[in-house]
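Only one structure is covered here, and it is reproduced in the block below.
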Amino acid sequence: LRTGFPEVIWGPGKTPDQIAQIMAVMRQRTAVVMATRIESDVYTILQKKVRGLQYFELAKICAIAPPIIEPRFDGIIGILSAGTADLPVAEEAAVTAELSGFRVQRLWDVGVAGIHRLLSNRHLLESVNVLIVVAGMEGALPSVVAGLADCPVIAVPTSIGYGASFGGLAPLLTMLNSCAAGVGVVNIDNGFGAAVLAGQILRTCEKLR
Amino acid sequence: LRTGFPEVIWGPGKTPDQIAQIMAVMRQRTAVVMATRIESDVYTILQKKVRGLQYFELAKICAIAPPIIEPRFDGIIGILSAGTADLPVAEEAAVTAELSGFRVQRLWDVGVAGIHRLLSNRHLLESVNVLIVVAGMEGALPSVVAGLADCPVIAVPTSIGYGASFGGLAPLLTMLNSCAAGVGVVNIDNGFGAAVLAGQILRTCEKLR
Amino acid sequence: LRTGFPEVIWGPGKTPDQIAQIMAVMRQRTAVVMATRIESDVYTILQKKVRGLQYFELAKICAIAPPIIEPRFDGIIGILSAGTADLPVAEEAAVTAELSGFRVQRLWDVGVAGIHRLLSNRHLLESVNVLIVVAGMEGALPSVVAGLADCPVIAVPTSIGYGASFGGLAPLLTMLNSCAAGVGVVNIDNGFGAAVLAGQILRTCEKLR
Amino acid sequence: LRTGFPEVIWGPGKTPDQIAQIMAVMRQRTAVVMATRIESDVYTILQKKVRGLQYFELAKICAIAPPIIEPRFDGIIGILSAGTADLPVAEEAAVTAELSGFRVQRLWDVGVAGIHRLLSNRHLLESVNVLIVVAGMEGALPSVVAGLADCPVIAVPTSIGYGASFGGLAPLLTMLNSCAAGVGVVNIDNGFGAAVLAGQILRTCEKLR
Amino acid sequence: LRTGFPEVIWGPGKTPDQIAQIMAVMRQRTAVVMATRIESDVYTILQKKVRGLQYFELAKICAIAPPIIEPRFDGIIGILSAGTADLPVAEEAAVTAELSGFRVQRLWDVGVAGIHRLLSNRHLLESVNVLIVVAGMEGALPSVVAGLADCPVIAVPTSIGYGASFGGLAPLLTMLNSCAAGVGVVNIDNGFGAAVLAGQILRTCEKLR
Amino acid sequence: LRTGFPEVIWGPGKTPDQIAQIMAVMRQRTAVVMATRIESDVYTILQKKVRGLQYFELAKICAIAPPIIEPRFDGIIGILSAGTADLPVAEEAAVTAELSGFRVQRLWDVGVAGIHRLLSNRHLLESVNVLIVVAGMEGALPSVVAGLADCPVIAVPTSIGYGASFGGLAPLLTMLNSCAAGVGVVNIDNGFGAAVLAGQILRTCEKLR
Amino acid sequence: LRTGFPEVIWGPGKTPDQIAQIMAVMRQRTAVVMATRIESDVYTILQKKVRGLQYFELAKICAIAPPIIEPRFDGIIGILSAGTADLPVAEEAAVTAELSGFRVQRLWDVGVAGIHRLLSNRHLLESVNVLIVVAGMEGALPSVVAGLADCPVIAVPTSIGYGASFGGLAPLLTMLNSCAAGVGVVNIDNGFGAAVLAGQILRTCEKLR
Amino acid sequence: LRTGFPEVIWGPGKTPDQIAQIMAVMRQRTAVVMATRIESDVYTILQKKVRGLQYFELAKICAIAPPIIEPRFDGIIGILSAGTADLPVAEEAAVTAELSGFRVQRLWDVGVAGIHRLLSNRHLLESVNVLIVVAGMEGALPSVVAGLADCPVIAVPTSIGYGASFGGLAPLLTMLNSCAAGVGVVNIDNGFGAAVLAGQILRTCEKLR
């Protein structure tokens, strides 16, 4: 992402020292620096090395950022999750989007097994401009949402499940085969990538204005 | 299936002659004889060899049976299908059930991409005693239905779809990972097996009475 | 599950504190609260936080429940397991069913490699109203049982096995391809889901009476 | 898609008669009616039954539509394809978008094995507002394009290839694992779905204006 | 196979002319020449080119052989098949064994869904020296047989089935995971290979005598 | 295995206490009791609970057995392994066979990448009566051996390898597709099962004498 | 491939007219034009449209080329095939190499089931500079060859086989897991690509001289 | 590898004692002894047992070797890696090549998402004689490189990635399906094998000179 956007570090396989060093270099160049997939024990070490580090526990994101980030783009990114266990992925998307200057509207626990919770929130589907839909297990939520909403839908399969989920393969295939058109799919557990794509959509609108 | 139930022939890989011969033997033993997966050109040959043969075109089922089969068991089997292309599998289930003496209630084209059509038929979900839910592509329908209905749900994935459907693997995995409990899954395109299981459930109730 | 049925918590990925809190809320609403996939060390912590907590060690289920649960429904759920290693999954099904008010008949270690043990228990197959059949490795037991029994069969593949079992894929495929009709399959290791489906079947009978 | 948008028929598994009938019904409701995956021999029959039918041979799309469709939305959908064999899928996307009232910019044969052809067209990447990138075989094009372009990228894997392509599985996995963020993937060969998603993005911009 | 054993031609992908030529060369060297996977229309052409050609229709084997082949080895190869559709593979094994000079005992249609047919033939299991067990769909028969019999069991999965059979993958995995030890598995539909292995076992015994 | 043969315990998932208890019961019934897949730390605990326990470290087998087991059957089981890392599986086969009263001839490290080591041991292939061939990685050894030897070959794929080995899937498929006929395959890492099958073959010969 | 090298057309999915047109354009630019995967009936049409067209039937290659192509590079490419059915792929490699100006040495039918045929040709392995090894079914040949030869080995899996070959997946995995280092693998049936890589190796040597 | 080349030990599954012992034997025979996949804690133990042991931390290689190894062959092996996380595999290739007496040119972090970094290093692609290209995630780099370079390309997929990478399957398939010919693929993470193949290529050139 260009000027004004966060620089991003992919945490896994990097030592706290390495992360701290990369952050130090990056903060020279940009106002917001973030690292994803940071477990809380890594954060505990990191916060001693990096001044002013924030931690978004559920999202497992560390960031150097202004205390309040004013949305810099018009439009709202709606983020839905099917189950409680999908929250870390959904929050990775939400925090990434907010740190990048987008307005986010969250709606958790609207899985298809209790379809009425989703239906009683239809106004939300209509008030946002792009939707990120996060679901594990059978991954059916994006199909239902895409049928209800009239905006682009980004589907994020998660590795939540067991047995015939095969590490997220089941919801991934579900989402790719969605009978409702207008759904773009990202990698399993890739909340970050979904937020970047959603952001790209709103930036495109900005440019078209 | 015991006395009074149809004898069943699996059509594929059998010549019309072989099917006719087996039917001749079976009709001695039982009032209803049926053969599944019979293409219309096979039926054209068969009807010349087998007296009184009926053909259920959409279901691809041939049967020797009384013109009207009075339901012999209490309870209703509701059969739902997601898309038009899933109809042959859904009809295989419906005709099998009816030939076996069960009452059937059909509801076609209630796929999750247009969830309101399903919701406006909720009374049907409440008025049946066991549900067979047939879906291809992403196969999300059984999860939604199981969340709405308060009866056993039998899920039938179909091979309808393309690409990442992988011949029905996608809806099969979806249904096995259903986040709504109370769903039993049968093989891809196995409408026949679903009807037998649904029938077994209603027979069990008969015995418990 | 509606009024009178247990509320259920899925244990994995939740801290003991979280489980205890959810249980506290749930026990306000219902007489039976249960949590599945609880390892014994988690139970050790939980029992200090939750008054009157029972633990079913083999089933890995924690529950708040009356000391004795009188069956509230007619009919018996027979539960068969193929090998000793399949017991935790079979017990997950059995305890779930009992906590939900169903009568359960257990039959362990009747795998197909010693078919006579199964055959010498045929009376059991005839005295129950719905069967849950749990098997890992090659998963052949449900096919044999469905051929012998005249009631609905719910097949549960387990992840017991190694090598070409591929985490339970082998018995899953076996069960889906069962040459005996009338078998519904649930996810790998999903004893809980099998019990819910079996319970749904008996409740359906209750309503039909 | 709502008012003003084409109604769409999925061709495979439908007889020419069925397609003609559905088209007749649909043309009452909407100005543009289209059917996808129509082979030329099916078109030959269809054109005798449906007055004013157009055929887009490469795209395998039949349509009833005004001779010229004026773009109804701002913004341009850029469509790139990697190889000649990917053209039918790319054209399915292009024609769907044009029939839906969007402006399309095509760029064919810019596969990564000859990266300079892509690079010498960088101005195109900068002049469009959303990109559809179609590729079979190894499916690497969307990753490269997403690194160069600053707009949303929709990746379409095709079944073009052989051997270890496994019917399009190879490019599908490639695209899901794209190291460049901001890529949404649709099903194998699903040019139609990509066009609908791209259209949704430009409509969202319209609403935000 | 050494002196005295048939020379074998694998039919698929060879023209009738090629097969005839290879047979002509081989018959110089050995008393028995056979070709497998020969469809009846290929045989019709072949019989005009090759003098004294026999055809085993069900087995799809063509052979030049003495009219009667006296068993040259002690011991009996028992061959069991689960379903009618598995017969061609079972016959490929049986005819190969007989042409190679072994005594064969056939037992067809003893699938596990009707376990009593198998059990009422237990004497056969006890009177043979090696068993070839052929099964498609869920492929459970070899496990049951290996538990009953006290001789080596060779398991042959077939591609008979549909959906989640995945071309014979399901019975293949079933047989590899057999909970009864003493089972060796050959490739899907490989009746020929099973007969060679069974023959090798009886020849080993011959040498040990 | 019948009278005189060892009773066998599958170690994984059992506590040392459970194993000790089962052993205590079994030793009443039979002269040889063995347990497979026993890590050395489990043995350390076991030996304190079970009197006279032997440990075969490489094979990971614990046994209660006479100090010397005289072969009770004619014939020799040759056991070959491809690489050093395959030794535990090969030894599982060897020790199982020896404890069951069979004569074993070992030949380690004769992988196909150094074909001359195998060829310079051809006399061994000719002096044994049945061969167990253990190989991981590409699993090519059984094909080569079956081409050289004139006795039954039992192929054991191992999980040794990485990457595209996919846990032993690669050598398993290799062995099932062996272009040399007369090869029976057992599950990945199943040295035990290979020994039982080899033993069954020699017992069959015993009976035929 | 640069100046002096053939221009190549991938035949599948192109009409004879399209192929003829592309050839016409290409022959302006280069001395040798070739098209791969051309069935003989397509050639029959093509030869009427393209003057001076040669056809290599086994290789399924059409070419416009001088009658004799003098080798333009030092070094010999040895090409080995395991079975007769692998010949089309091996010849695709051989003809591609020859048309590109390389010297080729063929060795057919040296599969590992008859290892002595390979061993009695060891001089060939030593007299060539790069080896292309083509094998289907279990695909073990490249491992054995790489152990014997002291030059780069290019392994080509073929789709020859059935059942657990899964369209060439089995030999592909075998070759990737080769225990002999120094083996590079190309796509299933990709004789063309193997020839290009072998040619690249000899050209590199040319430049290094 | 013959005289003068390092002897190599595969570290995983060997104790430090075993590795030390094998090294002691090997150093008698050859000037360079190396062991791969050695974690730093294993090295810490090893260095106390083996005199003069070097450790290449990133490559996870231990070696007994002269302090400086003069290149013994003409030509340069270029090694490219896509991402930082791919470095250990790239370094395994580089150190193996250097210890074997080859000249190596490294180029790290030239993944396709930032194609300009690769393009601005085109001179390197032209100055080397064989290329090893290491990439995880979508694995697209070798295709792009093979299109730019005029020398043999060896592609190494890595297990870096998550979700739909399936342990390196995604980049493996990508590389096998490369639309640019002239690419040979080795196993996932097999930097060692790639170096041996590259070395074989330069040795072949040496011999041809």
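Residue numbering begins at 1 within each chain, and the chains themselves are lettered A, B, C, D, E, F, G and H in the order written.
Simple rule for what comes next: a residue touches a chain if its C-beta (ideal position, glycine included) is under 8 Å from a C-beta of that chain, and two chains touch if they have at least 3 such contacts.
Remember, predicted model here, so these are calculated numbers, not experimental data.
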Based on CA centres, what chain would you say lies at the far end from chain A? E
Repeat of interface B-C, chosen from C-F, A-D or D-H - more than half of residue-number contact pairs shared: A-D
Between chain B and chain G, centroid-to-centroid distance (C-alpha), Å: 51
Taking the mean of the C-alpha atoms as each chain's centre, how many Å separate chain A from chain E? 57
What is the distance in Å between the mean C-alpha positions of chain A and chain H? 36
Chain A to chain G, mean C-alpha position gap in Å, rounds to 48
Residue numbers in chain B touching two or more further chains are 163-166, 169, 172, 176-177, 187-188
Every touching pair of chains is listed here as A-B, A-C, A-D, A-H, B-C, B-D, B-E, C-E, C-F, D-G, D-H, E-F, E-G, F-G, F-H, G-H
In the complex formed with chain A, which residues of chain B make contact? 82-83, 111-115, 119, 137-140, 143-144, 146-148, 161, 163-166, 169-171, 173-180
Partner chain G, residues of chain H touching it in the complex: 2, 74-75, 129-130, 150-154, 172, 176-177, 181-188, 192-193, 196-197, 199-205, 207-209
For chain G, which residues count as touching chain D in their complex? 10, 12-13, 157, 159, 167-169, 172, 187-190
Residues of chain B that touch chain D when the two form their complex: 85, 160, 162-166
